[in-house]
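Look at the two complexes coming up: chain A is in both, with chain B in one and chain C in the other.
Up next is the complex of A and B:
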């Protein structure tokens, strides 16, 4: 009524302004370091909490989702073993229908092989829902953490196989818990299969 | 040292040799001008859908657009440099977007933020959605994502800054062709035609029913 509200608001701003300088003296590594970003993202922070994006990044949650990518395992000779088997489940569950897969063919016999020859994701359709990653039985398509995908030309919007492939090491790096869980799951499955085979014999 | 030609110096890619760094201010008018231009890109205060929430978050203190000289969200197209089309462009909104674009002064830039504004997104084949704002106005930077995180938007804005840096200020003030405002297409029904449409569908329905009855008899 008499302007006390404005003064209270200004006091809050002033408090944060002073606190950010106090913080600067108190804490080392307040800027451009992981612990600094962690502290400034926490509710205890008193002073300034701006994340200065190109220099420092917000710590992403493990389940953060952006445009999906395809996982390949490093082979013994350094070749890329694509996990995808071109089964097409991801293309079927995709609500926006942004995935297009062409199955590879054996060059000698002409029969289809369970590998993708082409794999396209239209990023202008993808809505980062994560259904493809959830439904994939081979753990081959994973939601990415890389959000730096802005482009100048519309023609660049369709990601092809070459753009989508990323190593399993990268997958483990961005989603360690999920990676470990899925790896354990697959191992248990393989063991059960071997046991069943042994029983049959 | 070979003396660079004037054209070479005009290009922003020209690197200053090491022995001159820190001792002489070497710049071209173009560089100086674009340095000023790219650090004061004012966006238009204008949001269409859920991406607008991320745009607001980008302007707020956690990400702080002011670090890039973009904190002044202008509520008028006549004072803004960049139009961030943040969200689904419906056919109802299309004429207004084009009108706002026409009202912006040169040089003007457009950022299509999010999947919907870039290419229609999940609503691409919807009856009421323009599949990409680039069908109406020229777009400089596309940012995919649904919605893009504030960092993704900042990355797109930085890409725009790089684009501005490469331009020549002699060319950016050329007036573009006036873009005519789109009118609602034939796939949207005119409410004035509703009685006619109703009549037509009922007639068709009756015909179908008669055919079905005849088929049942015969």
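Up next is the complex of A and C:
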């Protein structure tokens, strides 16, 4: 009980205290740069590791998931080709049951077609588990990286089709590996299908 | 822990006509007649050495008109469980309480009463534990329905198709709670509020009359809104001067009936829900659940997935123990410096989790038969650096920082002592049990996954006080690093399969029961699941270590000063998401 234990502990605090200044002087781009943020979230970091949100943002990993969005491909005439076929797997697998889908109808025949007319995600219910995106057979629903979704009105918390749609280019931008993998998969499938067709003929 | 394997005792022969083997397809163990339960339990404990009662829960077999109580008993020296059940008619379920034999059954029997309405005769304090006293009905019964009932199983038809609707339109305020007949919340007044609240505590602590010096006992309410209770949790302490003479934990403020939700979910939907039990250790919660369901399905995950699971579970243990140590010191008054040093390392581990699973805390990483995706290469490099360099260094630093501190020693040594006998009898598990000198670790006692391949020691400390519960977490974090270093070395090359079979969202689970348990950072985390072959579990029960460890809170606290209550609670390391479920 001579206080040596306390002093030993305080030495650790002092080391941390000094390190935070030394590191500030040693590294030029420690703050407000991508390089700095990267350093501060790496296993090498010493000293202060806080990220100064909102001036700085964490570098999100590709697999980061937040409230899902729907992908559309840019058509030739600039129209949006929605990938979703309203099959409803995402709504069925959703643990929170926060997805509502209304199928589109053919205006001439009145029969349902495989496109969504309405699509809702209640973001207050969504738990960001990512199961919808995981089991979507058409790569049409993707977990987003945009985590800044604060809103003023409660009604805005239900994302409708218009709010949910984002371009395939955005998808490729945030998840390049997954995008490439899925595109390759689709291509292989299409090729196999064509080959089968060719064989039948 | 090499021990001669003793053949399971033939209990049916020992208790003719009272005990029969459970022959239902997919089930195991014995069915005991209610009137013979106490004799049977006594024999189990005293003759056969099953001194550790891990789990008590009920199952409502509505079609058969039966209410079943399921017990899992273990030997503290290791080995598989002995499962036995008591079946009673559903309309009048009365079962003798086993608290006189295994006091650890206390909270679990109260929970079964609360949620299923099974009465345990001879229980010292049989009242609701998770729900409030005026709750109407027993919600885990299969015929219980909430005021706004959407359907027995997900996916709910009302939700998946058609335009969005607001929940409160169907479930308006004022009509969203069912009250017992004759109860009106607006006119109801408690007659003797104090008595209702503190009755059980006061009854147990009435002092003998012949005391010379007249001293009055004071009942002090700590919580529910108290910064040191790590959530919304209440302790009713009876004090004699400053010394605690009785204590009763009150919980359930965060109750959401996880198990009812789980029984309505499909099998796969439960995985993200398990993340939310103990939200600090989501990975190991995932592990326990998938293990239980894999037992039913007969699935074996591929090698690389096994290693990934172990890596994630052990990283979780380090995260949890760092967090526990940091916040234990917070409870002692070392405001946030140790906590923030611990959290810095936690952040880096969470970065690895995020890269692999997509989320820092709610990981949802494991699947039946494997894991959802491989860990990306950059995260792998970071993991290797953490495991080999940074974490060992930082754990040593935390050790240097705190262990020899005289203030910490004087506040924690000899405080909140739990003897090994008490620890076993009260069914505590994890660090609480091992700090009391009982080297029981599920990873060794009944190895799951690939834990039998790793070289590590079961950390154990012998004083059973708060200081040892702190030290054991450092020890365990170091042992986890040992496992991690071996796992990182031995894991099969990238590209090896990580999932048995194809990813699927509708899994076929054969009928039967299974109990999957893992050594979670807080203790033994068990999942008892019953399948009827349908898309949803018939029964889904969580043996929550934080919840059951709280059974020992009173034993730890009696005789200590009220000022130490906070740190004693902190040393159990509870997370209310798991306690209240």
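Note that in this section the second predicted complex is superposed on the first by the 189 of 201 C-alpha atoms of A that agree within 3 Å, B and C clash if a C-alpha of one lies under 4 Å from a C-alpha of the other, contacts with A are read in each partner's own complex, and residues count from 1 in each chain.
Everything that follows uses one rule, which is that contacts are C-beta pairs under 8 Å (C-beta built on N, C-alpha and C of every residue); 3 or more make two chains touch, one makes a residue touch a chain.
As the structure is a computational prediction, the values presented were derived from the model and not from experiment.
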Which superposed partner A:49 touches (first chain B, second chain C, both, neither): both
Which superposed partner A:73 touches (first chain B, second chain C, both, neither): neither
Chain C versus chain B, contacts on chain A by residue: C
Touched partner set for A:128, first chain B, second chain C, both or neither: both
Touched partner set for A:95, first chain B, second chain C, both or neither: both
Partner chain in contact with A:57 - chain B first, chain C second, else both or neither: first
Set of chain A residues, in rising order, touched by both chain B and chain C: 49, 95, 122, 127-129
Touching residues on chain B, where the partner in the complex is chain A: 61-64, 67, 115, 118-122, 124, 132, 134, 139-146, 148-152, 154-156, 158-159, 163
Complex contacts: residues of chain A adjacent to chain C: 1-6, 8-9, 12-13, 16, 41-45, 49, 61-65, 88-89, 91-95, 97-102, 118, 120, 122, 127-131, 134-135, 143, 158
Sites on chain C touched by chain A in the complex: 154-156, 159-164, 265-266, 268-273, 275, 337, 341, 344, 347-348, 351, 354-359, 362, 364, 372-373, 376, 379, 382, 385-386, 389-390, 397, 400-407, 409-410, 503, 505
Chain A residues touching chain B - in the complex, by the definition given at the top: 48-54, 57-58, 66-67, 95-96, 122-129, 147-154, 157
